[in-house]
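These are the structures in question, set out in turn.
Both complexes below contain chain A, partnered by chain B and then by chain C.
Right after this comes the complex of A and B.
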């Protein structure tokens, strides 16, 4: 049986279902102490004095550290960009730039006592003027977000294809759009957490870190740089991680401080973030404000798109300005836009820093282009499917050169896809015409139905690399070590499916080791919908290498040509002569070498193991077409999502059940972005939505039953034809939901900001009534 | 009011039909922390510590409670059940757990224990639920991975299996 393509249940689940998962908060080490942070209540302030005397008298408190104790400069910049004037965070800085920034560290025997200690630390602040909101940041009279800088501008981003403005000026039809997207929190159900300990081995310091992280190898590299030790002295392990969605991707000051404190204390130190800290300090995303225009022919063909936007990066740039860069390159999306100009300005504010959250700038891009098309469709009296079909990149046009430059300055080429087929399937699977029929009778009622569609693409499977070491052990089973790290995506199953197919063994005989820097020397991590593509390809390449080695060894021992050998059931045998056979166990033992002191005579290198890296030449583009159906209550403004269909092209599917799950989660995230979630700050930069009672994430009642369909256009850029999927569901969903709301209310133009909540609908209905009265 | 942080208490808890001694601890300890840090029952997870996310849900006398809003000492005399009590260690999974596995009702698994406990209670009260009823029953348990669909499917499947077994 071939495993790739099969819905098989996941290998790790039984352990989790029994309550035997091992998450960061479950780990205890002898002598372990607990750390808690004193955090700034001000969005911008200078620290005058920190009095730790009362704290030190709290029972259980054993140490307190402030900025005077730590001599670490700003964290390294993670994603440089030519126009970026980067300010990264400094651990326990004397000037704080957002609410929640750590100013002191308390270490105690228990977490309760550490928090008692935090409450007893007295910090005297000199509050400075805070900048909150992108608009304010760019005003000439705006105070500086960072005292040492005069401007609040972090970077400018320009994309240019053709002569967009000139073409726009001549276009027969022009539509305009303004769209402000609210800021959201990644909000994994498990918060961040870290356990660090230093030990001495052979006279050398060894740092061991357990971290709820997406990027163990990156953490290892940064610790090496920050502590000025070799990465060989550092082991970072990600235990079971309870979701991440971007929140566990950057390297935070807390990551440095926990390890630094552990070194001072000479004992294991654990920090578990609480939910309030998470909402205040783990990265946010989405916040952008766009003004865009689209020029079209009278029959609805796009001539030109011009977009100007401001993106908030908060107080720092934890992952460069990758989010607005992605937005700027993906606005054209699946559509042919012959002339395109995008000018983005990234600003600092005294708020929580922003960095990729599931979708990472792409939902914003999909909103801009799809909303522009909807406006044009309304003006030209075209069906939303029709106007899209007239502008999609056609299957025969791949590889399609967008004329844009990717984040690294290389041409941005879409590798493969079949967008018209996505639309076709969506129209049928989503029962578009049935819903239109049903809608007609509701439009004049108190509960009108609306239908919205959107198409989005996603550049997935980015580099630089991921490796795999595939080993057949002395038990005859296969172990695969990769640099990826799982936060619930099911790699332990999908990567095992790939390896099982190469060796024709049961998937249960493959064990995946990931999230451990000791398992493989170099790695990148799990983000940007990249693991199935990059780590999956590495498993394929290393597996094929090991297969060759296995055959060479077995051929030598069985005195047969490798072409005459068959691999099946954990054995290698001569074709047609099943008795001339060696098991994987036998072969692994032989390959490990004869008795110590004897001569190794086999024609292969010792050990049944092979390693390979996959270094993708470029991104592979996944695509999704979504249709949302909503029902509005005109009286209360309530928005109910009553139907949802998504059709996705994720290339070759390794495990369709897992792909479905990824899409379900992504769509729910998009629903949150569109209808519920917003991190709100007041004028002083205080977090208003600091609990899960204020910050609303979708519940089981908010998300409808979802219909998910797949089309597969295999990618030519990797051996298995895989495209990434982790973020895909979150990309087109906000645009489809907004379109549905507008469709129900039959008002254009309307929705100009996200999220759209009942009060927004109420406001829009009131405004439109006013308009009618004046008309 | 001055609180004496040095005060210590000892008590016993009934968990999964076993008696556990909690000795010489601070009285302010929350039930979730007692379970996790003192009794090694780390299957109960803490997602928000303010009663909003439901990850820490356990059953007390058969009814779901938030173990992050309950003092450990306050759980004396209650029959508690945690995720570890749903299936014997060396035995098969419960029907509900197995349905979660089959239907891919978990991804990161962090909310799963709370979901299982809530659903265990719910299915006892509603052996033949509609999908709408299932969704309403889950509305106090947040999940960020699954979009809930496969969790609803799992609970529905578990209920159907239950129905078949009774008929």
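Right after this comes the complex of A and C.
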């Protein structure tokens, strides 16, 4: 049986569901102490004095550290960009730039006592003017977000294909759009957390860190730089990690400080972020304000798109300005846009920093282009399917050169896809015409139905690399080590499916080791919908190498040509002569070498193991088409999602059940972005939505039944034809939901901000005086 | 998010608890009573409250969880938990609005621990059970070592999260009138998500006389003031009228001007006024329909049919 393509159950779930998972909070070390942070209550302030005397008298408190104790400059910039004037966070800085920034560290025997200590630290602040809104940041009279800078501009991003404005000026049809997208939190179920300890081994300092992270190898490299030691002295391990969605991707000052404090204390130090800290300090995303225009022919073909936007990056740039760069390159998306111009301005504000969250700038891009098309369709009296079909890139046009440059300055080429087929399947599976029929009788009632569609693409599977080491052990089973790290994506199942197919063994005989820098020397991490593509391909390459080695060894021992050998059931045998056979166990034992002191005479290197890296030449493009059906209560403004269909093309599917799950989660995230979630700050930069009573994340009851369909256009860019899927569901969903709401209200695009809440709907209806007719 | 240090005490009986509270007060200790813990525990964890002693009332649950009907009056023990309220046959028959309210309260885990007494003492002005108490003009029994007093809903709810209870008292019981003959009840609310506190909630009771004219009508609102608001007086003029769907539309229009809700991150004042009108009309209409059906039980499942 071939495993790739099978819906098999996730290997890890039973252990997790039985409460046998091992998360950071479950790890205990002898002598371990607890750390808690004193955090700034001001969005912008200078610290005048910190009095720790009362704190030191709290029972259980054993140490307090302030900025005077730490001599670490700003954290390294992770993603440079030519126009970026980067400000990164400085551990325990004397000037704080957002609410929640750490100003001191308390170490105690228990977390309770550490928090008692935090409450007793007296910090004297000199409050400075804070900049909160994106608009305010760019005003000439705006105070500086950082005292040492005069401008609040972080970067400018320009994309240009053809002569967009000139073509727009001549276009027979022009539509315009303004869209402000609210700021959201990544909000994994498990918050951040870190356990660090320093030990001495053979006279050398060793830093061991357990971290809830997406990027263990990146942490290892940064610790090496910050502590000026070799990465060989550092081991970072990610145990079970309960979700991340981007929050555990950057390197935070807390990551440095926990390890630094552990070194000062000479004992293991644990910090578990609580939910209040998470909402205040773990990265946010979305927050962009777009003004866009589209020029079209009278039959609805796009001639030109011009977009200007401002993106908020908060107080720092923890992951460069990748998010707005992605937005700027993906606005054309699956559509042919012959002339395109995008001018993005990234601004600093005195708020929580922003960095990629599931979707990473792509939902914003999908909103701009799809909402422009909806507006054009309304003006030209075209069906939303029709106008899209007239503009999609056609299957025979791949590889499709967008004319844009990728973030690295190379041509941005879409590798493969079949967008018309996506639309076709969506129209059928989503029962589009049935809904249109049903809609007709509701439009003049108090509960109108609306239907919205959107198409989005995602550049997935990016580099630089991921490696895999595949080993057949003395028990005959296969162990695969990769540099990826799982936060619940099911790698232990999907990567095992790939390896099991190479060696024709049961998937239960494959064990995946990841999230450990000691398991493999180099790695990149799990983010940007890349693990199935990059780590999956590395497993395939390393597996094939090991297969060759296995055959060479077995051929030698069985005195047969490797071409005459058959691998099956954990054995290698001579074709047609099943008695001439060696098990994987036998072969692994032979390859490990005879007794000590003897001579190694086999024609292969010792050990049944092989390593390979996969370095993708470029992104592979996944695509999704979504249809949302909503029903509105005109009186209360409530929005009920009564139908939802998504059709996705992620190339070769390793495990369709896991891909379904990824899409379900992604769509739930997109629904949150569109209808519920928003991090709100007041004018002073205080977090207004600081608890989960105020920050509204969708729960199981808020997510409708989802119909998910798959198409498969394999990517030519990797051995298995895989495309990424982790973020896909979140990309087209907000645009589809907004379109559905506007369709129900029969207003051509008027929803200009996200999220759209019942209150928003009510206010729109009141403004248009349509509400009263149906009361 | 760890509570500050506190002492924990779990008395075994009501008498012991009342004596202990008296002593603790006497010795200058601050106390908080722990019932279901669904509001108190987050408050402690966020360090919004730092009592010296937590007095755990859960060993009193057997004593304080009885539900009795005595001559058209319901006596509900304060430690009765939400899941018991939502499925209690006597309450279902005699005060069906309680089961209807429970469907909006939190989630299964919350309802398996939270208590009616805890919900009332927490006094969130958008919570459902305080609204029901206000609608039905119920009373609460506040008991201390030295006294026992019955306090009306109007006197009990003082302002946001504040009631008339003193630090030596325990809310031991809730008293509600049973559903009068010819009556229907209804509770309607809009929340951001199912299970959240209401943005606005409206609760109504309509009593018809034998010729289908309004004998009595009551209406209360949650989420529009610092306490659950009994606005029955503003529609008292309806007594004697033969209701129609149109009547409920007309009588609720003016409610928008009657309330002055605050704006917060979930909803602004204007939206709360909109909801006040819409939900009041719906609650009154449903209550009226149920009164006409004379069936207070089965009709709960029939929501959504607008009059």
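The criterion applied here is as follows: the second predicted complex is superposed on the first by the 768 of 775 C-alpha atoms of A that agree within 3 Å, B and C clash if a C-alpha of one lies under 4 Å from a C-alpha of the other, contacts with A are read in each partner's own complex, and residues count from 1 in each chain.
In this section, a contact is a pair of C-beta atoms (placed from the backbone, for glycine too) under 8 Å apart; a residue touches a chain by one contact, two chains touch by 3 or more.
None of these values were measured; they are calculated from a predicted model.
Colleague: Applying the document's definition of touch, where does A:561 land relative to chain B and chain C: first, second, both, or neither?
Modeller: Neither partner.
Colleague: Give one of first, second, both or neither to describe whether A:488 is in contact with chain B, with chain C, with both, or with none.
Modeller: first
Colleague: Is A:688 contacted by the first partner chain B, the second partner chain C, both or neither?
Modeller: So A:688 only meets chain C here.
Colleague: When the two structures are overlaid on chain A, which partner does A:664 contact: first (chain B), second (chain C), both, or neither?
Modeller: After superposition on chain A, A:664 lies in contact with chain B alone.
Colleague: Examine A:243 and indicate which partner it touches, taking first as chain B and second as chain C; both and neither are also allowed.
Modeller: After superposition on chain A, A:243 lies in contact with chain B alone.
Colleague: In the overlay, answer first, second, both or neither for which of chain B and chain C A:20 touches.
Modeller: The first partner, chain B, only.
Colleague: Tell me the contact category for A:112 with respect to chain B and chain C: first, second, both or neither.
Modeller: After superposition on chain A, A:112 lies in contact with both partners, chain B and chain C.
Colleague: Looking at the overlay, what does A:190 touch: chain B (first), chain C (second), both, or neither?
Modeller: In the superposed model, A:190 contacts chain B only, not chain C.
Colleague: Output check: A:635 vs chain B and chain C. Expected answer is one of first, second, both, neither. What do you get?
Modeller: second
Colleague: Chain A residues in contact: does chain B have more, or chain C?
Modeller: With both complexes superposed on chain A, more residues of chain A are touched by B.
Colleague: Starting from the residues of chain A touching chain B, keep only those that also touch chain C in the other complex, and list them.
Modeller: The overlap between the chain B and chain C interfaces on chain A comprises residues 111-112, 116, 274-275, 691, 693, 698-699, 701.
Colleague: Provide the residue numbers of chain B that touch chain A in the complex, in ascending order.
Modeller: Against chain A, the touching part of chain B is residues 5-6, 26, 28-29, 33, 36-37, 41-50, 52-53, 55, 82-84, 86-87, 89, 93, 97, 100-102, 104, 106-113, 116, 131, 134-136, 138-152.
Colleague: Please output the residues of chain A touching chain C within their complex, sorted ascending.
Modeller: Listed in rising order, the residues of chain A that touch chain C are 111-112, 115-116, 119, 274-276, 446, 635-638, 676, 680, 688-689, 691, 693-694, 696, 698-699, 701-702, 757-759, 762-763, 766, 775.
Colleague: Touching residues of chain A toward chain B in the complex: what are they?
Modeller: 9-10, 12-14, 16-23, 25-26, 28, 58-59, 110-113, 116, 187-191, 240-243, 245, 274-275, 487-490, 657-658, 660-661, 664-669, 691-693, 697-701, 703, 705-706, 729
Colleague: What residues on chain C touch chain A, complex-wise?
Modeller: Touch list, chain C to chain A: 1-5, 46-47, 190, 192-197, 249, 265-268, 270-271, 274-275, 278-279, 306.
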